[in-house]
Every structure is written in C-alpha cells, then in structure tokens.
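One chain, chain A, appears in both complexes that follow, with chain B as partner in the first and chain C in the second.
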Partner chain A sequence: MMMNSLMHPGFLLILAGLLLPLFKGAARTAIILIMPLVALGFIWTLSFGNHLSFEYLGHELGLLKVDAVSRLFITVFALTVFTGSLYCCKQANSTELAAAFCYAGGAMSVVLAADLITLFIFWEIMAIASTLLIWSSRTTSSQKAGMRYVIIHLLGGVILMAGIAAHVYETGSITFEQFQMDSYASIFILCGFLLNAGAPPLTAWLADAYPESSFSGMVFLSAFTTKTAVYVLLRGFPGTEILIFIGIYMIFYGIIYALLENDMRRILAYSIINQVGFMITGIGIGTDMALNGAAAHAFTHIVYKALLLMSAGSVLFMTGKRKCTDLGGLIHTMPVTAICGIIGALAISSFPLTSGFVSKSMITQSSVDEHILWVWLCLQAASAGVFLHAGIKFPWFVFFQKDSGLRPDDPPWNMQAGMILFAFVCIFLGVFPNVLYTMLPYTINYVPYTAAHTVTQLQLLLFSGLAFFIMLPLMKRTLTISLDFDWFYRVAGIRLFDVLMKMIVALSGLSHVFCEKICSLASRAGQLSLNSSVALYMTLVLLIFTSCLIYLLF
Partner chain B sequence: MTSHLAVLQVVTPLLAAPVVVILHNKTLGWLIATLVSLSCFIIACVLCLQIYDGNNIVYTLGGWAAPAGIEYHVDRLTAFLLIIISGLATFILIGARESIDNEISADRLYLFYTAFLLNLTGLLGVIVTGDAFNVFVFIEIASLSSYALISIGRDKRSLYAAYQYLIFGTIGASFILIAIGLMYAVTGTLNIHDLHERLAHVQDSRTLITALAFFIIGIGLKAAIWPLHIWLPDAYTYSPSIVSTFLAGTSTKVFIYVLIRFVFSIFGIEFSINELSVQYILMSVALIAIVYGSLQAIKQDSLKRLLAYSSIAQIGYMILAISLVTVAGVAAGLIHVFNHAIIKVTLFLCVANIIYFTGTDSINKLAGLGKQMPVTCGLFVIAGLSIIGVPLTAGFTSKWFLIKATIDSGYWLVIPVIVISSLMAIVYIWKVVEQIYFKEADHAHVVTNKAMPYSMYVSLFVFTAACIYFGLQTDINVGLAQLIADDLIGARP
Partner chain C sequence: MSNENWFYKKSSIKKLWIGTYVVLALTVIAEIFIKLQPHFKIEALFGFHAWYGFLTCVAMVLFAKVLGFLIKRQDDYYDDE
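The block that comes next holds the complex of A and B.
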C-alpha cells in the first residue's frame, strides 16, 4: 500500500510540489528536474491494472489504474513537467513551481483514476492548483482573470459532481467506464468534462485566463486541463455524435478568434481550443483509428504547444511585450527562440516530417474511412486555417514582419535547452512516427507518409501560406479586443448582480416603511418603530404565524 | 457510577457554575470550565460507545418512573449531538483564554465562565432530556445564559444585539412552550416517548395542528431559519469572538436537533409529513435561506457578519436535507450539522485571532494580512475551501451526501440552487482571500502591536485538522449519522 502510493506518479509530483517551497537554489532545481523523470520511470515499470485502492465515503476507490491510454498521457505529462521545469528552473518563483507540480500531479491522478470519485477529487485539486498558478504571476489582471477562471471551473466541478452522484444512484457503481447517453447523469457528466475542454458556450475562460499567467506558467497551463478533459472524454464518451459538432465548432472558433487577436499568447491560447477541437472531433467519430488519432494528437499537441509557448514566453521574458503590434524582427537577435518557434509552428500546421502531421492525419483519415464527407471537408479547411493563425501568423508577426527596434538576446541557457529539447521531440516523432504509434491504445496499421497524403498536405499548406501573404494587410492587427461569450459574465453578470442587490435594498426599505406604518397604528408599537428592524421582524413573525394558523385551521 | 452518566452530563456544568462565581478568579474559572467541558465530552463519548449498538439508556430522575417523573433518554441521535456540543466546548475553551481576556473586561471574566457553563448545561440538557417540558426549561437556561454571553463584551452594540435576541428568543421559546402545552392538553403527558404513542391516536385534531404550527415558528426563530433569522447576524457580530464561535458551532445545531426530535419522534412522520406536508414549507424556506444567506454574505464588510450570513445559508442546507425525509436526506443533514459545526468554528477562531491581532474584523482593513499572520490566514483558506466544499475537506463530504440525497429523492430542480450557492460561497470566501493576500498592506488602519500568543493557535489547529480529517476519514460521522437516520425513519414503509 505504502510502496504503491509512493509509486503513484501523481502523488509523487503533488508531494514534490508541497515540499518545494522549503528548498532553494540547486536543491530546488534538482527536485524539479528529477521528480518528473522518476514519475516517468514509475509509469513504465508498473504493469497494467489497478495497483492502489482506498475506502472512502462507503466506496472502494481505485487510485492507480494503468493501461495503454493512461500510460500515454502520463508519459507526455511527465515529459512536459520535466521540460517546463528545465525551461524555468532558474527564473520562476517557488509558488509558481509548487502550484505547477500540484497541478500536474492532479492531472496525472485524474488520468490514473479508476473510479469517478477519485476522478472528481483530483479534478477539483487541478482546478485549484491551476488557479494558484495563474495567480502566482502576481499582477492585478491575473488575479481577476484567475477568479473568473476558478468560478467557471468550480461551476463545472459542481455540475460534474451532480452528474456523478446521479450516476452512482442510477447504476450503483462508481467505476469510470464508457457512459450510456440515455440519462441526465451522463449529460451532466459530459457537460462537466466539456467545460474543462473549453467547449462552447463557456469557451472564453481559456483565452481569458491563460495569457495572464507568467511567461512560464502558461507552458504548464496549456498542457493539463484541456488534455485531461480530452482523456476523460476519450474514456467516457467515445463515439458520441454530438462531440463531432462541438469539436468542429471549437476548431473554427479557435481559428477565427486567433486571426482577430493581437496578443501573441492569446493567439496561442485560441489555438489550444482549435487543436482540442480536432481531438474532440476524433472522439466523436469514435472508431479505433479516430480514437488513436485523438490520443496521439493530444500527445503531439502538448509537445508543440508547449514549444510554441516557451518560444513566446522567451520573447515575453526578454522584451516584456506581448502584443504583435509591438513586436517584430526578432529573428536577428533571438535566432534560437525563433527557430524553435518556427519548428513548433510547422508542427502545429502538420507539416510533413513534424509530429503534427503524423497525428492529425489519423483523425482526418478516420473521417474518410467513415465516409462523413462534411467532417472531412471541415477538417481540411481547418488545416489551412491552423496554418494561417498559428503556423504563419505567430512567427511572422513576432520574428519577422517589421523592425520593431527591439534588440533582445536569446534567453538564458536553460530556457533555450527546454525549447531545443521539445523542438527535437517534434521532429523526432515526425520522422519516426512508429515510436508514438506503438504507445497508442488500439492496434491499427496506419502509414502516414503516403505520396498522396504528403502531397495533398503540402499543397494545402502552400496555398494557405500564399493566401496569408496576399491578404497580409488584412491580417495586420490593431489594438482592439474581440467580444466573446464571456461578456455575459464579465459585464452583464456583474450588472445583473448590481441590479439584484439594489432591488433587495429597495425591497427591504419598502418593507421598513410598510412596517412603520403598521406599527404607528398602535401607540405602544409606535415607540418600537423607532427601532425599525425589530418592528419589521416582529410584524413578520406575527404575520407568518397568523397566516399559518388561518391556513391550517380553516 | 456509570448508570448515572446521563444525568452527570447536565449536573456537572450546572454545579460548576456557582462554584466559578464563588471562586471569583479568572484562571480558576477557565480551568474549571475547560475541565468540566472535557469531562462532559468524555462522558458523551462513553455514552456513545454504550448505546452504539442500539441499547438506549433510560435514566429516571430520582427513581420516579416515566409519566410521573422526568426521564433522561440517550439514543444514538442524542449521543451524536452530545459529542458535537461538548467536544466543541472543550476544544474552543482550551485555546480561548487570551482572546477572552482581550475582549472582555477583567472584572467580568468569572461571570463569562459562569454563563458559559450555564449555557453548556442548557444545550446538553435540551439534548439529553426525554421530557418535553424539560426541553423548554433547558432551552430557557441556554437562551438566558447566551443573552448574557452576547452582551458581556466591551462593544456597546452587543447590548442591543442581545436585547434583540432576547425578544426573538423569548417569542420563540414561548411558542415552543405553547406547542408543548397544547400537546399536554391533548395527551396528558409530557414524556417524549409517551407523547409519541398517545399522539398516534389523536390524529386530525385542530389542537395538534396548532401545536405543530406554534412549534415550527418557535423553532424557526431559535434555529434562525429564514425569515426568522434577523437576530443572528447582530448577535454573532457584536458579541466577543469566542462567544460567536461557540454559538455558531452549537446553539443553532441544538435547535435543529429539537426540530428533528419533535417532528420525527413526537409528532411522527405520519402526521407531520404525510398529513400536513411540513417538509414542503421547510424545503422552500431552506432554499430561500441558502440563496439569501449567500447573497448577503457577499455584501458584508464585517468578517463576522459575513460568516453569520454564511451560517444562515448553511442552516438552509441542513433544513433542506432534513426536509427530504429520506434516510439519506436526514443522514446528510446530520452530517452537515457535524461538519458545519467544525468548519464554522474554525473560521470564527481565525477571526478571533485576526481581531486579537488587528483589533478589527472589517475586511477592507485587512489588506496584506497574509504576510503578517501567515498561519492564521493559511488556516482560514483551508477552512474556507472546506465551506465551499472542495474535495478532501469536511465540506465536501457534506455536499456529496446532500447532492446524492437530493437526487435520490428526485428533486432535480434543487441542484441548481446548490450549484449557485456554492459559487456564491467561492465569491465571499475569495473576497477575504483577495484582501489578505493580494492587496498591498495599508498600515494606517491596522493596529499590529501585539505578538500572537501560541495558545491561540491550539484550538485553531485542532479544528483545522478536524476539517481535513473528516474530509478523508468519514467512518465516524457518516456511519453514525446513517444509523441515526435509520432509527428515525428507517421503519417508514
């Protein structure tokens, strides 16, 4: 028991996170670099099956269930924690690293959960730790964004909890397995999961909160919340048709908002939604090939998105600027950052010989196999869109475009090392896709590099690249903000709350007047009316009492 | 000796009270009060072990048998509440000395301990007695002493708060007395078990209906169920911190016990639920209480008042759970009674520390406190997470069982209320967290000339540990609560 709980990669990272503030300097660096690797080692030494159970709330919880899917996700999570830690081991403050480790540990524990209660518990821990991670950048805007973020996620948490409670009531089982879409319980659970994936209508939290985190915080944030949501959807709702529509919506939502955006990290945040859309579409299609594609895409996406964010983070760290209009021409002084950023951009656009190509093509292929034409068309159009918003737009406006007058150096060596490591992974997986394919849950025979496929993809990318430069004047962003659904809770919600409060105040004022009138009718009570609240409630009590009596007696 | 345990529970604090007056010494007063509470706690635990497997203890005062004499009756529900009340009293008192010394003038300190002991007598008496009139007597003992406790502080506004509570409390207690009188008129007995048996034969009587109406209003006043809660915010805000802590943890819980006891054990489910549908009244009131309390809490600037309104919302949760009238529902209500007592006491103890350190509980003046009082603020956050209902804390267990019970009973529409109110809980706890951690300190307002004595952390640590412990290990409270719920309505077809 004890041994097994130490072997739990999630617990290991949470423990490391909690102890982290006690250490400084080299000891801290050693911990944050070694722990993720140890977690990685553990997950590959554990055999398939559940290794750790615990009695809680009258149910038997399974905390450590290893299988092919969970191993895949834990592997990429551990890799990201390692690289992220390497990237910011000298620069980040201890609060941020501690929060990041608890957050990553929570995400791993969700992935390893065999039952719904464990899943929910770590789901909430993840929400809180990620909020701390956002807050740890210690700016006013991050506090406000963090608050909106945590409210939305705890809302999702309560919805999920209601769903789980109903599910337990209906089936009597807490095991986490595929849900049948025939009850309220499953719908509640699906909504709870989807909220974390950034599905509509509450999509805006992601682009609202993540860019407010510190330059390194967002590297961690991009990896876990949405991808654990993808994982649980993959396990719980494969082949649910509505997911195809949601996925397609997210793909285009991400592209459109990213194209309108000026802040480089918000562009990348929108592109997370876009990429998660691909995965969710794959889950909605639900064939072996599609699910494999979704899992593989989650893997590769975590890597290249972390790479892009490290690149953007380096720019932010060195220049302190985050708006495309303020940046440009940085390739001359930040060559390493620029090259790594470009590799990430190529990977996200699924350029052949990069990791994105070998994973996304599986999802596209599965739509062909299933003969769902409109999905295939959407996915193809979206591939071009991805290249536009993330593949070209990010590197072009940040590293080329115009001379912004900034002359920053490349970041310190450890930040460069993090970027180079993940750039290498992107290329490596693109060149040797079988390394990734052998880790996938289902055995399928898929060869990404067929002549037809490669040529199609290249054509698609080249033409959309052409389109970008032809329409360049349109692509230039000015200092604007784009309105989104979050207006409803950021502005309308607060106004509604104010109105409600005023109504309450007005109502209690009215009832005071009413009550004083009643009280002044009788002289003794009239004296009491000096003290209106006593008078009010005495009247209330008597009124309620009399009405109860009248009602009950007659 | 062991056969007298039930009555010792009440007699010990009652006898200790005059002793404290005679000794007229604050240290001895504290020592006696703590030891007496501790002994009550130990007795409660022993009693609980004795009756755990269902052999209820019946103790006849002076050897006079039931209908004529007064009977003390200990069953699982009784033991559960006894443990909560005496446990809270003990562990609050252990670390309370400094805070009490600070907030109450020295010449009244011995009176504080006297009133505290009397209050404890009253609360324990209400629970342990098996006689309806005796319930009223003990309610009065508890109430009168709590008026004294509230007004004993230096804050002059507490006098008015106590006066307000006095008026409402007296109305409430009188209503309860009228209800008991009416029942006596119908049945000719005051013994709770006797009453239950005889009332079963006098269904459909207007006297009885009136009795229930009087009782519900009376207990609504005492337990601060919306809209009869008005005395509570003032009473909690202006009384000395330790008094608010103790009252928040114990007094409303005891009246919820009385509600359960009367509705389920005296009037009986057949009458109060099947015929009169009291549960719908309770449920609608509870739902309003939950939303209203949380909304008001968001608005408050005074930390104590914020917690007081949050209590009103939490009482709503308990009433909501009980009004489901299922085994799961009543169990959920009792679990929340237990957990909320612990959580609210933790929060109030944090406030006690904050007031000791800064001299104010105005949230706007607490900017930057997180750096000056890292331990207290950290524990406040833990307890705050617990009241929101974050997993691995006691609040989560409550919420889990409440939601489960609600769904079990098919009240799907109640779920959104629970969802919305937990979001509001986040907002009002966050309001405080934002001030203490993320605002720059404004030293002009904060008086920070005191070093915190270590003793003030003792109780706080005990209760925070309990918040976490009962979030992880739920066998004790959940197990017991489910047995009690089975006892109360398990036999229902």
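The block that comes next holds the complex of A and C.
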C-alpha cells in the first residue's frame, strides 16, 4: 500500500508542487523537469487494475485505477507538464509552477479515481489550483477574471456534489462507472462534468479567464480542466445522445466567437471550446470508433494546443502584446516561434501528416459508420471552419498580415526547446499514427491515409483557406470584444442588485440607517476590486431573501 | 532585408495567388484519378469537399459578421467594473 501510494503520478506531482516554493535555481529546474518524467514512468510500469484502495466511512475508495484510457490521459498530461515546465523553467515564478503542479496532479488523480468521492475531492483541488495559477500572473485583470472563474467552478462543484450525493443515496454505490440517464442524480453529475468542459450556457468562463493568466500559465490551463471533463464524460456518459447536440453547438460557438475576436490568446481559448466540442460529439455518438476518436483527439489536441499557446506565449513574452491589431509581420524576427506556431495551426486544422488528421477523422468516420448525415455535414463544415478561425487566422494576423513595426527576437532557448519538442510530436504522430492507435482503449481497424481521405481533406481545407483570403476585408480586426453569457453576471447582475436593494427597502420598511450600512458594505467590497463577483454573490443571496420575503408577505 | 520585402511586393503577391489557384485546381482534378468512396449521396457530387468547404466558410464568416453587429462592444466595455 505504501509503495503503491508512492507510485501515484498525481500524488507525486501535488507533492512536488507543494514543496516547490522551497527550492530555487537549478534545484527547482531539476524538480520540475524530472518529476513529470517520473510520473510518466510510473504509469507505464503499473499494470491495469486497482492498485490503491482503502475503506472510508463504509465505502471503498479507489485512488489508483489504471486502464487504457486513464494511461492515455496520464501520458499526455505528464508530457504536457514536462514540456510546459521546460518552456518556462527559467521565466515563471515559483507560485505559478507550484500551482501548475498541484493542478496537473489533481487532474491526474481525477483520471485515476475509481470512485466518485475521490473524483470529487481532486475535482475541487483542480478548481482551486487552477484559480491560483490564474492569479499568479499578478495583474488586476487576472485577479478579477480568476474570481469570476472560481465562482463558476465552485458552482459546478456544488452541482456535481449534489448529483453524487443523490446517486450514492439512490444506488448505494460510489463506484465511478457508466451512469444511466434515468435519474436526476445522473443529470446533475452530467451538468457538473459539462460545466468544466466549457459546455453551454456557462461557456464564457474559459475565454474570460485563461487569457488573463501569464504567458506560460495558459499552456497548463489549456490542458487539464476541459480534458479531465472529456475523460469523465467518456467514462460516465458514452453514447448519451444529447452530447451530440451540445458538442456541435460548442464546435460552432468556438468558430464564430474566434472569428469575431481580436485578442490572439482569446482566439485560441475559443478554439479550445471548438475542439472539445469535437470530442463531446464523439462521446455522444458513443461507438468504439467514436470513443477512440474522442480519446485520441484529446491526446493530440492537448499537444497542439499547448504548442499554439507556447507560440502565442512567446509573442506575448517578447512583445507584451496580445491584440491582432497590434501584431503582424513577426515571422522575420521570430522564425522559430512562427514555424512552431504554424505547425500547431496545421495540426489543429487536421492537415495530412499532422496529429490532428489521424485523430479527428476517427470521430468523423464514426458519424459515417452510424449514417448520421447531419452530424457528418456539421463536422465537415466545422473542420473547414477550424482552419478558418485558428489554422489561418492565428498565424496570419500574428506573423504575417502587415508590418507592425515590432522587431522582437525569438524567445530564450528553453522556450524554443519546448515549442520544438511539441512541434515534433505533432508531426511524429501524424506520420506514425499507430504509436497513438496502440494506446487507445478499443481495438479497431482504422486507416487514416487513404488516397480518397487525403484528397478530400485537402480540398476541404484549402478551399476554406481560399474563403479566408477572399473574405479578408470582412475580417478586418477591430478593437472590440464580444458579449457572451458572462454579461448576465458582470452587468445584469449588478443592475439587478440595485433593483433588489430598492425593493427590499420598500417591502420591508427597513430603516434608512440599515440601508446605508449595507450600501457602505457593498462599496467596501467594491474596493476589493472584486466588484462584479461580489455583486453576483450578493444578488443571489438577495434574490433568495426577496423571494422569501415576498412569500411571507403575500 | 530583401527577403522581407519579397512577401509584400505586388508582383510576388500575384505569384502567390497564381500558385494557390494551381494547387486548388490540382486537389480537385486529383479526384478524377483516385477512387473516392462516397458514403452519403451528396458526397458523390463532383468536387463536393471543395465547394462545401468554401461555401460553409463563407457562410460562417458572414454569420459572424452579422452576429458581430449585435454582440460586439468596445474592448474597454467591462473596464469600469
């Protein structure tokens, strides 16, 4: 038992994260580079099965359940922690790295959890650690965005916990296995999972919070929360039909919002939702082919999205600028960053010979096998749209477009090394897809490189590119943001708060003095610069209070 | 620095466009020489992926443009929170 708990990749990284602030310089670099590789080694030495369990309050907790799916996810998580650490080993502050390691360790522990209680605990550790990761960029905007982020995720945690409690009450079992969609408990659990995947309606947290993290923080953020959600959905809800609709919505939401966006890191944030949409659609289809596709796509996506964000992060690090309107023409002075970014962009667009091609096509193929024409048409349109919104838009506006007058060099060698490593992985998996396929949970016979598939994919992508350049005048970047669901808690919430305050005063006949006290409390909360979040919370409390009051009075 | 200018010269932009059209045409012509395995009826139409990819992208850009009129705000919209 002791030995096994030492072999837990998640615990190892959390421990490393907690101890990290004690180390400096070379020792710190050694820890952050070696620990992820040790975690990777552990997962490949452990056989399939449950390795670590104990009794707690009459329930059997399982903390280290290894199978093909969990091993696949741990592998890519460990690779990302290693590469992300290499990328920022000299530049990132210790708080950020400590948070990133606890966050990654939490995500690994969720993946390895055999029961719902363990899953929930590490789910919440992830929420807290990721918030700290956002805050560790230490800007006012990250502080505010992190507060909005954590409120949404704690809300998701409450929904998940309600579902788990009801599930345990109904079935008496805490085992994490496939749920039957016949009870409210399952629906609550599904909603809790989906919130972390960036599903509607609460989609806005992702593009709101992630881009406010530091240049390297977003590399870690992009990998874990949404993909852990994909993992638990893959486990708990394969073949749940509603996921097809949710997935397709997310795919197009991501494309449309990314097309409207001016901030390069927000473009990439919206494209996370787009890509997770593909995985969720695959989970909704639920055949062996589709589930393999979703798992494989999670793997390749983590790699090329981290690569894109490292490229964008390098631009941000060297220039301090994020907006497409400020950038352009950087390929001449940042060739390595540009080429790595372009490889990531080709991979996300599923160009033949890149990793995206061999993973996404399994999801598309599953819609053909199941003869669902409308899903297939949507996925094909979306594949073209990915090239449009991320594949061309990101490299074009950052590295080409116009001469912005900026002349930044490529970033320091360790940042370049991180990018080159993942650029290599993107191409390696595209050329040798069997390396990935042998790690997948189901044995299927799928050949991505047929003449027909290669030619049709090239047609789809290249003509999408043609559309981009023909429509370029329509896509002129403007200094704008796009309203999203978060408007309701950032603007409407505050207005509702005012109205409710007045109603309470009118209804309850409270004294003027009391009212003034509350107002001064609210304005003091405002000084904490957490205005909208506090208002959101107060609004909820006041809403409940007012409803009770109205109920009692009438 | 001569390399830098190459990208921005009018003549080279024209060359790039011609190259692009040639490649685009080749991907469609290639369809004649290989055996496609269309599963859905619509897939069997000539050059389906080419025009479908093009048209859906145009549609998405236009949709985003229209939606933009409704939901776009100045990027300091939330700054006074």
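Keep this in mind: the second predicted complex is superposed on the first by the 497 of 554 C-alpha atoms of A that agree within 3 Å, B and C clash if a C-alpha of one lies under 4 Å from a C-alpha of the other, contacts with A are read in each partner's own complex, and residues count from 1 in each chain.
We adopt the following convention: a residue touches a chain if its C-beta (ideal position, glycine included) is under 8 Å from a C-beta of that chain, and two chains touch if they have at least 3 such contacts.
In this text the structure is predicted, and so the values were computed from the model without any measurement.
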- Contacts of A:260 with chain B and chain C, given as first, second, both or neither: second
- Query: Between chain B (first) and chain C (second), which, if any, makes contact with A:143: first, second, both or neither?
  - Reply: first
- Task: Figure out whether A:100 sits in contact with chain B (first) or chain C (second), or with both, or with neither.
- Result: neither
- In the superposed arrangement, which partner chain does A:204 touch: chain B (first), chain C (second), both, or neither? neither
- Message: Between chain B and chain C, whom does A:463 touch in the aligned arrangement: first, second, both, or neither?
- Response: second
- Once the structures are superposed on A, label A:471 by its partner contacts, choosing first (chain B), second (chain C), both or neither. second
- Message: With both structures fitted on chain A, tell me whether chain B or chain C touches more of chain A's residues.
- Response: C
- Message: Let me test your reading of the model: by the given contact rule, A:16 touches which partner, first (chain B), second (chain C), both or neither?
- Response: neither
- Task: Take the contacts of chain A with chain B and those with chain C, and give the residues found in both.
- Result: none
- Item | Residues of chain C touching chain A in the complex | 3-4, 7-8, 20, 23-24, 27-28, 30-31, 34-37, 39-40, 42, 47-54, 56-58, 60-65, 67-68, 71-75, 77-78, 81
- Task: Mind listing the chain A positions that touch chain B in their complex?
- Result: 56-58, 120-122, 124-125, 128, 135, 138, 143, 147, 150-151, 154-155, 158-159, 161-162, 165-166, 168-169, 184, 500-501, 504, 533-534, 536-538, 540-541, 544-545, 548-549, 552-553
- Of chain A, residues touching chain C in the complex: 144, 252, 255-256, 259-260, 262, 323, 332, 368, 371, 373, 376-377, 380-381, 383-385, 388, 400, 403, 450-452, 455-471, 474-475, 478-484, 490-491, 531-532
- Quick one: in the complex, what on chain B touches chain A? 164, 167-168, 171, 175, 206, 209-210, 212-214, 216-217, 221, 227-228, 230, 276, 295, 299, 385, 388, 390-392, 396-397, 399-401, 403-404, 407-408, 412, 415, 418-419, 422-423, 426-427, 430, 434, 438, 472, 474, 478
